[in-house]
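Let me give you the structure first, and then I'll get to my questions.
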Amino acid sequence: MQEKANEMIKIFIDKEPVEAEQGTTVLKAAERAGIHIPHLCYHPAFPPEGSCRMCLVEIEGFPKLELACSTVVKDEMKISAKSERVVKARKAVLEFLLAEHPLDCPICDKAGDCKLQDYYDEYGLFESQFKEAKEKREKKLKIGKSLILDQERCVLCTRCVRFLKEVTTTQDLGVFHRGVHSSVNIYEGAAVENNYSGNLAEICPVGAITDEDFRFKTRSWFLKEGESICPLCSRGCNILIEYHPGFPRFEVPKRVYRIKARENPEVNDFWVCDRGRYGYSYLDEHRADKIIMNKIEGENVLTWENISEYLGEKIKRLSSAKKTSGIALILHTWLSNEELFLLHKIFKDDLKVEKIFFADLPQGEADGYLLTSETSPNRRGAQEIGFDIKPVDLDALASGTDFLLAFGPFLSGLFSPKDLKAALNTVKRKVLFSSYTHELNSLFDIVLPVALIAEKEGSLTNVEGKVQGFQPALEPPGESLPEWKVLSDLGKELGIDSKFYSELPSPEAILIEMGKKIPFFKKKND
Amino acid sequence: MSPEFSEKTKKKIEEIVARYPQKEAAILPVLHITQQEFGSISAEEEKLVARILGIKPISVREIVTFYTMLSRESLGKYHIQVCSNLSCSLLGAGNFVDYLVEKLGIEPGETTPDKKFTLSTVECLGACERAPCMLINFNYYGEMDPKKVDEILDGLK
Amino acid sequence: MTETLYETLIIFIKIVCALVWLLACTLYLTWLERKESALIQDRVGANRASIFGIRIIGLFQPFADAIKMIFKEDFVPSFSRKFLHTMAPFISFFFVAITITAIPFGDTLRIGNRTIHLQILDFNVGLLFILAMLSLGIYGIIISGWASNNKYALIGGMRGAAQVISYEVALGLSLIGLIMVYPSLRLSSIVLYQGELLFGFLPKWGIFLQPLGFVVFLLAALAETKRAPFDLPEGESEIIGFFTEYSGLKWGLFMMVDFMEVIIVSTLLTTLFFGGWQVPWLASDGFHFPWGGELLLSHVVVVLLQVAAFNIKVFFFCWLQILIRWTYPRFRYDQLMDFGWKLLVPLSLVNIIGTGIIMTL
Amino acid sequence: MIKALRYFIEIIRGSFITGRHFASNFFFRCLKVLGIKTKRKGAETIQYPEQRKEIASRHRSLHRLMTRPDGKPRCVACMLCVTVCPSECIYVEAAEDPDPEIQKYPAKFIIDLSRCCFCGFCVEACPEDAIRMDTGNVELAEYSQDDMIYDLDKLIR
Amino acid sequence: MKEKVLTEHFGLENLYKIDVYKKQGGYQATEKALKKMKPEEILEEVKKANLRGRGGAGFPAGVKWSFVPDTDKPKYLCVNADEGEPGTFKDRYIMSHNPHMLLEGIIITSFCVGIHAAFIYIRGEYEAIALRLEQAISEAYENGFLGKNILESGFDLDIFVHRGAGAYICGEETALLESLEGKRGVPRLKPPFPASVGLWQCPTVINNVETISNISHIILNGAEWFVKQGLPKDGGTRIFGVSGMVKNPGIYELPLGTSLKDIIFKHAGGMKEGKKLKAVIPGGMSAPILTADEINIKMDFDSLVEANSMLGSAAIIVIDEKTSILDVLKVVTKFYSHESCGQCTPCRIGNSWINKIVKRIAEGKGKKEDIDSILRLASNIEGNTLCPLGDAAAMPILSITKKFRKELESHV
């Protein structure tokens, strides 16, 4: 975020007056004004390269066509982005690009996202005049743990080379040979092996570098995308989740097909690490989609309609008997700020529950750029809300707990099944909120399926203390519901401060309420 | 067994590297020396140069493949480069190359089995006034004709 | 006693013959309809049904149709009035079939000394009987429409009732003139009257004496059959008709009733306006041509000629009705009512008055 | 009144037209039944199972998948047919072919013919000319809907 | 008025040795400049002399120098001795015959602009000449013309010879810089121009060997004298390199404005073996071709531009009647296809495409529409590339195809 906006000047693009920041390039100014100037080699993350020649524009007073990606705007500059001359030049460049391009869009995974395809649609639609033999090159070169390079499709924009030079500084790829024989390649025996390799497939404007993880799985135009935040570390990278909404008559083997980075200069720029990119199986595998009742109490069949009533009644009975010390909570920090806030309010402020533990995944390894060692997305948020993050103490849990509310599947990773079973057996009533079908589930009386971060609304606080809101990108499977909904219903049910809860119909409202209570969240609301 | 420069060359390289504000800039001179010393710049030599200049081998490969004078394959003792550009071809460079092909029994770009001669056709050598011209290990020979070439090649043997 | 027995036996045989004739005609009328419509439309028409590979221009098609109809599932909707639903087609069928009783197929056949009228029953109010029975046939339609408990069927039934009742009036009135000319309601008498000659050469057929009456009767009768262009009760393209909820044999009965009505209308037209079984100038002993020639024939030949003439005339009217059905588009409902009430009824009244005036003169 | 009369005349004319058709067709059909050959045919009907109309070259009949010379399907599983199909009756699943020139082949290719409307969009959309509707097979009756689901084995011919 | 400026003493034996050079009045200009003149005066003098760049583009040298900003960053001088343009060999002559003249030019230029390190980027094939240059440099160091505190003026300068390795594109100034920095010799985006952001992001002056060699003469004899040698807007003489089918190929130093006809028939001795003239390429291979009818033309920047050609590096290639124009086109397209750096699209693929078409025509598989294709493709390259190589390729291809269309059509 730039504190002071640069001075604005007026330029003309296709005779339309457009405001542009002083010192910006023609391309950026046009993009700002909603005019798309085609480009392949230019990527906002890197300085202009000027090699693809697609962004040529006509500028009054310049004898030749100029590059939009590198020409800096001047006051009263008159630019034509669509004049006949410009279109002719772009067509010419496009023809050259396509001449040595294998045109194997049918097998290319990029088809649908491919810029070359888009530009052909926009400027080309000509018959190929190229009657010569195309240059033969490597078609299927594995260049990294999940990357496949097709040199024939490459348009030598060198985005990948520049990415590896400037962002990861590993320089795994280089341009070899020259002229028409130029090709991007790895050094023999070496491979693109860094934690950001997946970004290459994303920044490649054509299908030269494709992702093996996505290879031939589906076609990109079937996919829909939803914006979300990556929960696999505490960086909170902004991501796009691409999922298949399904065919009406045939079953599709997967739901989520790939993760893409979403631009956010304050957090993750244009990138997302390979862990976040390829670790999306948690969204689909072993998901719980039904309420499970292992010990049915009475003849009541529990549904989402009466669950808060049931829980409320149990808690009310304990609290009216002044036995709230018998309540225990096991939380985790995959919960959103709003959910943690509600939990804090209900159990700590109102019920004065003491036994609140956190069960999270163990720390991982950071890579010094985006990936943090913290593997849960919202530990910072829990701290800011006022939780004292205590690890689970099974002995404390086993002594005198009547009612246990546990969240998440992480508990099982921390203790041996035997210890867990022994400790949980001492607890009279125990309820688990989990998104997964897991062996842990059998230890609880009731297991309630809940949504994951990608499927709910809320906000997370990343390691730098930045609060980022998110909207649901996917539909939660089956009966799953987001935790905040259950918790605000429960809050209402308990009747301690029911007016407070009834005015919180959405996570957005909860966040505003949080801002009033906790100064940390106040400034984030604006 | 990775190759290593001789002590003398090492000193020379140090001296060359010192000329430039950045080590990397010395790559062309160093590669020239490498090619002279090892006959070619294969992967091993690339790694060696990269180590000396503090860069990645891939950067060296980029340079080696870009410039035509740097060869990744080992060349013969005598590298015959025949100009095939305009001035020379006007004056019969084509016939001259054909003659060499016949005489040496190799196509342009190949090396004789005895590793003595490598024949290449190259773009303008900058000696157009003496067309058709050729270069044998940086010695210019101009106004070539079959008779002259016979003399020169025989002199080399 | 034996006389009575013989009489009964003869009547029984006559009933069987007439019914067989009617059903056979119906059966082959379906074939005729298909073939005729095909030829009108430059097609070939049904010709595939075969017995042992022999397929004589599709003559076996009606049998195939019949067999198929019989073996089709008889589906009775759960929401229908089951009894009435089942009854309706039989009511329709019965009242149409019974009209055949009064139709004279020929003059008298003498076997030995016994004289047999080629008519099941020689009513003295035969014409009235037929009109009455035809009107009663509407019950089948109304009942089927109502009992089906289906909106479309009900609409079809109601339309049918309205249409039949409306045209009944014109139908009846158009015949008044005829009755005035041939002062009898006995069909056999009417036919006999038509054997006389007008001006010495022209047979005294109803068509010549009552041309307007013929036109009105023809149109009204067509409407009675509920076939195109008067097929509003069915209206395949809009309401399907009163038989929407019928299938199998019951649906087949309704179809048969349709065709039987065509035949009945043809026999009526023949009997009333085209001299019935009369062949011009053929008397009981042979031809007596007006220009003086004579051709004497034996009794059997004469009877055969008469029956053949009747059949040919009926066949012609069947053909004509089918031609009309495949030529004209359907009326709009208001046009249908207008046509019946505002054109046919006044015309038939005009016909009565005109006939009266001429007869008085 | 005159208007009504004109209607009446038109109505009569109508039955003369149909009557004329009937008469002429009747005549020629009779001749045919009697085995007399005439120039004019009585009716245009083609006697289907015995007599078949030649299928037009652009007629769309049962699909087939084309193969490469080595028998592999020509389809590369681009799924354009899946995309374009208006009755959503095609399902394709891609798999990796070891040949880097082919790369992609359909592991599953299913057409649900009971849904197919034979619009031919899949043929139009196919960039590889891998699917055609030119088998001439139009008699696609089955006793079970499951038999109408055609997979690779059934479609390759 | 002297006829020859640069090549005056080329006939002398061992001119490349500093003693011989000094005897001919060498290093007097250096002494004059460093001891008696201020940098601004030198700049003024060079500007007045209207010395235009000899590399091809013809940009005035003095103006170029004045673009160098006054910063704390080190400044560099690059002498472009990457003489890759086919038909050009003048720089080789200068460097092998009179290297000290070049060194003198470098010293004065560096003094004028405030440069302390100069690189001579010499093409890789000129190894022998590079050695001669290095020898000359070491002589200059020994005589105190290089190194620290030159001639007690407090001015330091080091000159290094940097050998290229065979890439025509490195004759382009920004590609030369990239190559010198130890990268692939691919051109940079302009602006920024090297004068402000050049070698290692520092201000850099890049001049051709011939341009720099003229400096000492300007300093010694004054700008007015220099202008008199040539045209008012374009001072000095020009070294014309004549090659191809002429009796006496070689370099001819002549004033600008000499007629092309005179150069070929008077100076170069006319056509070889009495063959008839067909066409002339007047300014290195990148210059559009001139037919035999067009040779009555003055050889200076403006006249050639008027004739839709260019002076370029003043390398004249003479083509005789017997030579097939298709062969010429084949050589031209092969050259540009081979030498394209591969960075930007139109040049990388366009040149290879045209080359493929021409090769096909040469194999006898040409079609009528191929010639139109060549014209279309070449005009699509022209003006759309990152560096001038695209234009340099398109111009000769276009002119050859247009002017000799009939002959080309006879091959298809």
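Lettered A, B, C, D and E in written order, each chain numbered from 1.
By our rule, a contact is a pair of C-beta atoms (placed from the backbone, for glycine too) under 8 Å apart; a residue touches a chain by one contact, two chains touch by 3 or more.
Molecules present, by chain and UniProt name: D = 4Fe-4S ferredoxin-type domain-containing protein.
Here the structure is a predicted model, which means the values were calculated and not measured.
J.: Need the graph distance between chain B and chain D over the touch network, please.
T.: Tracing touching chains, the least step count from chain B to chain D comes to 2.
J.: From chain C, how many touching-chain steps at minimum until you land on chain E?
T.: Graph distance in the chain contact network comes out at 3.
J.: For which chain is the distance between its Cα centroid and the global protein Cα centroid smallest?
T.: So the chain sitting closest to the middle is A.
J.: Which chain has its C-alpha centroid at the greatest distance from the C-alpha centroid of chain D?
T.: E
J.: Please identify which chain has its centre, taken as the mean of its CA atoms, farthest from the centre of chain A.
T.: So the farthest one, by centre of C-alpha atoms, is C.
J.: Sort out for me whether A-B or A-D is joined by the greater number of C-beta contact pairs.
T.: Result of the comparison of A-D and A-B: A-D.
J.: Counting only Cα atoms for the centres, state how far chain B is from chain E in Å.
T.: Taking the mean C-alpha position of each chain, the two centres sit 24 Å apart.
J.: For chain D versus chain E, what separation do you get between their C-alpha means, in angstrom?
T.: Computed value for the inter-centroid distance: 72 Å.
J.: State, to the nearest whole Å, the distance from the C-alpha centre of chain B to the C-alpha centre of chain C.
T.: Spacing between the chain centres: roughly 113 Å.
J.: Provide the C-alpha centroid distance between chain A and chain E, rounded to the nearest whole angstrom.
T.: 55
J.: Among the residues of chain A, pick out those that touch two or more other chains and give their numbers.
T.: 175, 177-178 - these are the residues of chain A that touch more than one other chain.
J.: Check each residue of chain E and list the ones that touch at least two other chains.
T.: Correct list: 167, 184, 338-339, 341.
J.: Return the residues of chain B touching two or more other chains; collapse runs of consecutive numbers into ranges.
T.: In chain B, the residues touching two or more other chains are 59, 62, 66.
J.: Hey, which chains are touching each other here?
T.: Contact pairs between chains: A-B, A-D, A-E, B-E, C-D.
J.: What does chain E use to touch chain B in their complex?
T.: Per the stated touch rule, the residues are 74, 83-89, 91-92, 123-128, 158, 160, 162-168, 179-185, 200, 241-245, 249-251, 281, 285, 315, 317-320, 323, 327-328, 331-332, 334-335, 338-339, 341.
J.: Could you list, by residue number, the parts of chain A that touch chain B in their complex?
T.: These residues of chain A touch chain B: 171-178, 186-188, 190.
J.: Would you tell me which residues of chain B are touching chain E in their complex?
T.: 19-22, 24-29, 31-32, 53, 59, 62-63, 66-70, 81, 84-87, 89-91, 122-131, 135, 138-140
J.: If we count contacts the way the header does, which residues on chain D are in touch with chain C in the complex?
T.: That would be residues 11, 14-15, 17-19, 21-22, 25-26, 29, 33, 42-45, 47 of chain D.
J.: Can you list the residues on chain B that touch chain A in the complex?
T.: 43, 56-59, 61-62, 65-66
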